[in-house]
Amino acid sequence: MIKDPQALIVGKKNWEDYYLFSLESSGIASQALPGQFIMVRISAQPQPLLRRPFSIHSKEKKNIEIFFQITGLGTSLLSQKRIGESLDILGPLGKGFVTGESFQDKVIVAVGGGRGIAPLYFLSQELCSSGASVKIFYGGKSHKDLPLKEKFEKDGIELFCSTDDGSFGYKGFVSDFFKAELEKLNPSCVFACGPEEMMKKIAQITQEKNIPAEFSLESVMGCGFGACWGCVKKIKKNFKEEWTKICEEGPVFSREEIIWTEEEK
Amino acid sequence: MIKDPQALIVGKKNWEDYYLFSLESSGIASQALPGQFIMVRISAQPQPLLRRPFSIHSKEKKNIEIFFQITGLGTSLLSQKRIGESLDILGPLGKGFVTGESFQDKVIVAVGGGRGIAPLYFLSQELCSSGASVKIFYGGKSHKDLPLKEKFEKDGIELFCSTDDGSFGYKGFVSDFFKAELEKLNPSCVFACGPEEMMKKIAQITQEKNIPAEFSLESVMGCGFGACWGCVKKIKKNFKEEWTKICEEGPVFSREEIIWTEEEK
Amino acid sequence: MTDLSVDLGFIKLKNPVLAASGTFGYGLEFSPFIDLNKLGGFVVKGLYFSPRPGNLPPRLVETPGGLINAIGLPGVGVERFSEEILPELRKYNTAIIVNVCGESNEEYASVVERLNKEEGISAYELNISCPNVKKDGLCPALSPKDTFSVVSLVKKSSSRPVITKLSPNVTDIVEIALSAQEAGTDALSLVNTFLAMAVDIETKKPILANTFGGLSGPAIKPLVLRMVYQVVSHVKIPVIGIGGISSGKDALEYLITGAKAVEVGTANFIDPETTVKIIEELKTYCQKKGIDKIETIIGTLKV
Amino acid sequence: MTDLSVDLGFIKLKNPVLAASGTFGYGLEFSPFIDLNKLGGFVVKGLYFSPRPGNLPPRLVETPGGLINAIGLPGVGVERFSEEILPELRKYNTAIIVNVCGESNEEYASVVERLNKEEGISAYELNISCPNVKKDGLCPALSPKDTFSVVSLVKKSSSRPVITKLSPNVTDIVEIALSAQEAGTDALSLVNTFLAMAVDIETKKPILANTFGGLSGPAIKPLVLRMVYQVVSHVKIPVIGIGGISSGKDALEYLITGAKAVEVGTANFIDPETTVKIIEELKTYCQKKGIDKIETIIGTLKV
């Protein structure tokens, strides 16, 4: 966990309101694990005041990538930064997905909805290098919401795309597509990141089939490193339910730990 | 007085912390008079909150120029704007310098200190076209504070440069240089813009010699168009002293109207 | 076509967007930029009985997301206002509200009595809450008793509806609101500026000549929204929300919380078209949400 | 070499920069980023006697230049703090101040009594001003009487110096400050957060689950600076300034106004190095101005 006040933007791509930034930050790259995130300072001016959390999308040598969608002021200002400017970032933060040798030769499924695809690229990099066979479900509202399709394909990762409007791949929710294909794929483990409603369904489905599953949760974060108590969600620990800091003990939790909220604002 | 929310930046030059922007704004250009100013919105975010006032440095057809020095957050953010971006501006505001046919064949002296040179270019454009013979005293701390020297020279305007440190031209305050040369030049009228201390001295000198003089005053401005009562200075009107809105009734006042403050912060 | 009009009981406004006193000059300053007839109304600069010079400059200083002013209520006085300015304002078809000031209860009453004689005023807004005129920001709106006594005196003198403008610089704004209601005010406007200060570390002096000033602008919105929420649930009279409004979204936050109208202040300096833009944004919101009458969203906050 | 130390009477700090409670975790969260030994000290998260869950999320919302929090004082309780956390903190050579909370005067006293037994605490900061735990932001610091009674009880129980942390949500902060002084507090810290609210116009709900929260950050600095100015001229005990400090310049404004030390809050989230940077900036300012001892600039405001 370090602060890099000068992470140079060395690459930038965009597809409509999705952006991929490549940042040179050897300190953070050397420590990063899949599912961890960074906190990015958007502006030297106090609006937006707080940093914004972004999953580490990939790492390669000295560089990490972040992949994000414009959803408000912070991401909009961030999207305007250019190659050659630098960002003040903290990371790597939090605890990531379970990975490692035990997944060798296993089939692993990861499900990403919208911008929730972000951490799954790093995860699949890592799992592939452990010898796992990774299948990615990638869902979006429409064809344009699947900008990373080619990137996964280039790496030879098997992709299952869905769009709500049927403009590409399976027509419908990615969770339904996942359900339909599950039997065939028979994964040893499932990872998911995306809208809470999507993750909830993946949790139900994997529970019914008794497949281990991990989820990357989101929350409004004040600090990202455990100091503000702002990011809590209710998590089961040793049979007790506790308000738990997502930034420190998460953002990734196993299905058994998560208590899904009834209604999300 | 109009609002132009989209004044395109069509030109940008800079010399260390001095900047010259050319803005396309036909509405404002068509109405502008020397000594008037515009209010520039710096940021869509509320910091800095208020617009910043800048004298109209020149006009040519559809374009106006502003010339400014970085003195704080607003001017620093402004300096980072690029050609092709646009600025939200109000103008032309206030009342400018006295100009017109009556100056034909007269010698006119204008004294600018530092960024105070800004309105004097437009003024000399106008006076020259009325057939006056314009002499400019241009003072700065050091050689680098006289970036507009060449611009005036190119127009064939006689320049009297001074620097506090003697790195270019007369060594000493521009007001002293002005005093030394005054007799010789024997101007019909003097205009000045710059630090309050400098203008105060020009006022004393011209008063002693009984030469009419006008000064462009500065003040912190909330609105620039008479709505906030924030910009007042004490001004003599019909033998009474009144807190007067600089933005509406100024920024230019004659020597007789101005009550110089004892000590400036 | 969305109906944006709101009925305050004593006056019906075209739309809930007013311009706030002291940030809109005498209204006319904005006519180069906007059509004043489009506004719900505007509140003119605070008016004492006699002309006043206001405070020494510097009168303004910016802070993060805010502006501190210590203008100190300069103005032309009630006579010149009536003779020279009001006739100009009467040409507009919008609610003209006069912000009434006084150094004593009696002065408030005399301003109102003088203005009673003039046509073309929709209501008085009692400015009992300006923090820039007395030492330490003292003003009647800090005390329920003082509020009661000035409001009841003015109500007796006034031939027009009276809106009482409260101060945020209090422990319990509900208590002050209830006093004003008891004294007979027709509406409340919340709020005037927050007592504030800025220091220059180079000169080691307060930046404002007056030392203290009043903070306004986006920075204060969350504080005022809270006060409006507290007050609307305790009073029966309409509440007008004022503080940090610069967009339709801001205005809607106040309306949903329970304000029947809003006043736009500092934002007028930043963009003189703000009021008109807010009206457009309210229209767009209502159309998008299928709302026929904007009044139906007032006070719909689900807690 | 500039001497940055300040003497609060009951404690001498290396430098006037403390980290504020609730924004610095238990301190240890910042050790990856800064050397805690460099700080004047830090105030740990508010501590009740028993462990507490805090409020429902969402607990945070940003506003222009500010942050509203309704964390609601979750924490490990005094027992676990003493057993597990304090031993870690003792390793640092800096003032450790414990922010003490209570639902009743007695709970404040019991927290202090339990902590009296532990080594390594420099002072207690009485949090009688958190606006996020009771309805309508109620807390002892809103009333001189309640302030007096809790402070005097705690003073009796405490074997250590007591700093009383005041609320800004009052009409007259001097009155509260004087009560706390009369009750024997050794110092005052000004201030806790401002009662605030935010509304989502899409869902028509308050954004915070708790409806109300406390505003902090740059937006509040001009309000707090004014309060510090008012209080320092009326009390004899040291005042610590808290509110919107994120740079050396901000800290200097407070010191010049009369605060003997400052606490840095929200800025710790934005940049975990803020406190250390401020200390550097204070040094630079003193060197530039030829100031040998930073104490000599405290309260030098020329009005």
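Should a chain be cited, it is by its letter among A, B, C and D, assigned in written order, with residues numbered from 1 in that chain.
By our rule, a residue touches a chain if its C-beta (ideal position, glycine included) is under 8 Å from a C-beta of that chain, and two chains touch if they have at least 3 such contacts.
None of these values were measured; they are calculated from a predicted model.
Shared contact partners of chain A and chain C comprise B, D. Among the other chains, A has the CA centre that is most remote from the centre of chain B.
Each chain gets a centre from the mean of its Cα atoms; for chain B and chain D, those two points are 47 Å apart.
Centres computed as Cα averages put chain A at a distance of 55 Å from chain B. A straight line joining the Cα centres of chain B and chain C is 36 Å long. Chain C and chain D have Cα centroids separated by 34 Å. Residue positions of chain B touching 2 or more other chains, listed in rising order: 46-47. Residue positions of chain C touching 2 or more other chains, listed in rising order: 64-66, 203, 205, 217-219. Chain contacts here are complete: no pair of chains fails to touch. Listed in rising order, the residues of chain B touching chain A in the complex are 43, 45-47. Of all residues in chain D, only 22-25, 29-30, 32-33, 45, 53-54, 57-62, 64-67, 69, 71, 74, 200, 203, 205, 217-219, 246, 266, 268-273 touch chain A in the complex they form.
Of all residues in chain D, only 64-65 touch chain B in the complex they form.
Per the touch definition, chain A reaches chain D in the complex via residues 1-3, 41, 46-51, 88, 90, 219-223, 225-233, 242-243, 265.
Of all residues in chain D, only 63-66, 68, 136, 142, 169-171, 194-199, 201, 203-206, 211-212, 215, 217-223, 225-226, 229-230, 244, 249, 252-253, 256-257, 285, 297, 300-303 touch chain C in the complex they form.
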